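One structure is given here, and the rest of the page talks about it.
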Amino acid sequence: MLEELKQQVYEANMELPAKGLVTYTWGNVSGIDREKGLFAIKPSGIAYEDLKPSDMVLMNLNGESVEGDYKPSSDTPTHLELYKAFPQVGGIVHTHSAWAASWAQAGRPIPCYGTTHADYFYGEIPCARSLRPEEIEMEYEKNTGLVIVETFQGMNPAYVPGVLCTNHGPFAWGKDAEEAVHNAVVMEEVAKMAARTEQLKTEVGEAPKTIQDKHFFRKHGPNAYYGNAGK
Amino acid sequence: MLEELKQQVYEANMELPAKGLVTYTWGNVSGIDREKGLFAIKPSGIAYEDLKPSDMVLMNLNGESVEGDYKPSSDTPTHLELYKAFPQVGGIVHTHSAWAASWAQAGRPIPCYGTTHADYFYGEIPCARSLRPEEIEMEYEKNTGLVIVETFQGMNPAYVPGVLCTNHGPFAWGKDAEEAVHNAVVMEEVAKMAARTEQLKTEVGEAPKTIQDKHFFRKHGPNAYYGNAGK
Amino acid sequence: MLEELKQQVYEANMELPAKGLVTYTWGNVSGIDREKGLFAIKPSGIAYEDLKPSDMVLMNLNGESVEGDYKPSSDTPTHLELYKAFPQVGGIVHTHSAWAASWAQAGRPIPCYGTTHADYFYGEIPCARSLRPEEIEMEYEKNTGLVIVETFQGMNPAYVPGVLCTNHGPFAWGKDAEEAVHNAVVMEEVAKMAARTEQLKTEVGEAPKTIQDKHFFRKHGPNAYYGNAGK
Amino acid sequence: MLEELKQQVYEANMELPAKGLVTYTWGNVSGIDREKGLFAIKPSGIAYEDLKPSDMVLMNLNGESVEGDYKPSSDTPTHLELYKAFPQVGGIVHTHSAWAASWAQAGRPIPCYGTTHADYFYGEIPCARSLRPEEIEMEYEKNTGLVIVETFQGMNPAYVPGVLCTNHGPFAWGKDAEEAVHNAVVMEEVAKMAARTEQLKTEVGEAPKTIQDKHFFRKHGPNAYYGNAGK
């Protein structure tokens, strides 16, 4: 069932070690078929080198596994909450990529210091608040999703396709699993550059709003003209 | 038309991922045939692994595409202004390489702290001023070129073959596309070393003028004797 | 004798250069057969590319070499003390991996700033005190082991599977040689992230205790549910 | 003539890009035959991928090229002064490796913060003083050698097999070309760790003298017992 989706999600998962975003089995990617209301996600605790497309676990939006030989990733309840709250999202990825996780450990959003950031993320990449003790003790992974949704109240998740979770690490998303991973790679690069920018200038301000607007909207929305191969 | 130039520009573009200067499709290289008044440039939004020499787009100095199946890189108007203003330049490259882009995001020129820098860049690598809102809103990429030209008033672009654009990233150039990429690789290395130098010593000064002169002029100009294979 | 153990210890040693934890011949891994009271360890001064499983040296718990063509690693007396004091440990690794060694050179334990750390190490990774001059001059490598044992008084080495030695570098351990190396890789990653976290926020506190508990105990102990492939 | 020496020097030169110490054609290695009073050195400006053992240039100790199709490295006069002043040295290497060069650009010696350093360098790695303007203008490369020799007055170059040159980069040496490169790799690693150590602890002191002595002399001199394969 949904062999093409499983293949896509498999390939997106394999991009994580290929792009240096994960160590060992850390990280997981999912992708959803909105019509069928099912998403495919990496199984828990399987090494990337042993992973096969058919190992992807199919879940419904009630959080039930409907197909697959393995348990789904332990972070599945987080993915589920994001799919339920963000209807425009088609793929989700979680990693502990080192630069983004360092911002998360510092509990700081990543300011938009330049056009590399503005090409993909409109404004700062937010940092979700710490979970309260009771949110950690019960349904921790579900609450991780809910606190992300809380963070995005009044925001468009298509304009800011990623978030940091305090003391934890990044989640990113996109229209499908491949784009989610693409955005996770960009977030790691942007997190690295922002840290170095602050090292070079203690009192550094965000990039001017006009340049943030220019770069984001030349790539996104109805008037985009950048990176379009045309003919 | 100009198959050799397209081949050179193609190879120079492929050096960007090989040298670790770009992520995904970021970055673009062009090279010019001054006699014919035409330059070849990477097409917009094509992945490096899919790029072929015949995909390079040929442009004239009025900014018109004269050959090619694709749209030219969105940054083409920047390249165009540099070719028009700097007649000694034969190749241009733009990247978001992480160390140079971090200096650009900090809005700081890269001071000449040592001979690695002085071997290639005579004095600091300047940082062009921020564009004004109206320069961003209309003809942004052209204005990016014009503000670089403004930065180099009274300077020799052959002596300082690169620049940072505030909140954006580096441009570099050379006598051809290959040398432009070579200078971009050196700028990234120099940007990394300069950041680390400042980490090691808060109050660090530029390298003495005599050693800057010695290193630059033993490699450049009529009395150069360094790196010349001889026979 | 104990060919399977030697093979495991050989493979764990070869993981050190593969994971980028060692330069040249630095680093050594051992693994123990508790029933026979013998451990296998890397020989001293042999390049990784020349290493063979049969080169592993077999030692008894009196510190005597009982099989092998070479001298055991100079750090063997440290391994020996750890095996004697920590009966639950089945494998030990020592490296000079750069991030962990930098914390050791600073003489600082690595605080638990996030879940990457808490998934593997319960609380801070301690830094053993400096050896006294007389402990350095006589039986230095044995005393290095004893000071680690002293550091873990009242602690469970299965909950904190690694340590820093002041001015020196990290030791890590696990239920076997493979897990010891896995923990050494994680310690290096965690050391890197913790350094960057402090760079991003001067006054950073440890992750809240509840999240440390949650992450450690969802992976370890009787109620673990994370990273278990299930079926 | 001296084909074996040329082969060794060729191989040592090829280690520089393999170990990530050089960009493009930067860096050069030489090795000497003390009986014949001749040293072999990398030719100037030849790309590493095009280098052949027969390209090595043979020089005598008067600084004259006695065999070879190319000009010797521009840094040859520096190598020459070191061979003349340090009779125990059999091989020399110069690079602009990024961490060591950053210390050189900061004009700071590398303090001995730990055992990785003490295993190879006894005490700090010194930083030679800046050359005076007249030393730069005339016979710059020779004077670079002389100021290193000046720095080592009263020191044993076999105990401290490397140096930084202010605003420039590192030189390292050893009993032959291979060991010189080995020491250059270690210096880069040690330079990296020392920078990170200072980032982690502002007021960090050198490693205690007893541990420096222990680590250096367990590997060097008549009582060495470390890293000796034995039998």
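In order of appearance the chains are A, B, C and D, and numbering begins at 1 in each one.
Everything below uses one rule, namely that contacts are C-beta pairs under 8 Å (C-beta built on N, C-alpha and C of every residue); 3 or more make two chains touch, one makes a residue touch a chain.
Labels paired with UniProt names: A, B, C, D = L-ribulose-5-phosphate 4-epimerase.
Note that the coordinates shown come from a computational prediction; the quantities given were computed from them, not determined experimentally.
The greatest centre-to-centre gap from subunit B, using C-alpha centroids, is found for C. The angle of the rotation carrying subunit B onto subunit C, fitted on C-alpha atoms and rounded to the nearest 5, is 180°. Computed centre separation for the pair subunit A/subunit D is 46 angstrom, with centres defined by C-alpha atoms. Separating the CA-averaged centres of subunit A and subunit B is a span of 33 Å.
Looking at subunit D, one finds that residues 199 touch two or more other chains.
Every pair of chains in contact is given here: A-B, A-C, B-D, C-D. Residues of subunit D that touch subunit B in their complex: 23-26, 43-46, 69-71, 74, 96, 98-99, 101-108, 130-131, 133, 136-137, 140, 167-169, 195, 198-199.
Note for the complex: subunit A touches subunit B at residues 113-116, 182, 185-186, 189, 192-194, 196-197, 199-201, 204, 207-208, 210-211, 214, 218, 225-231.
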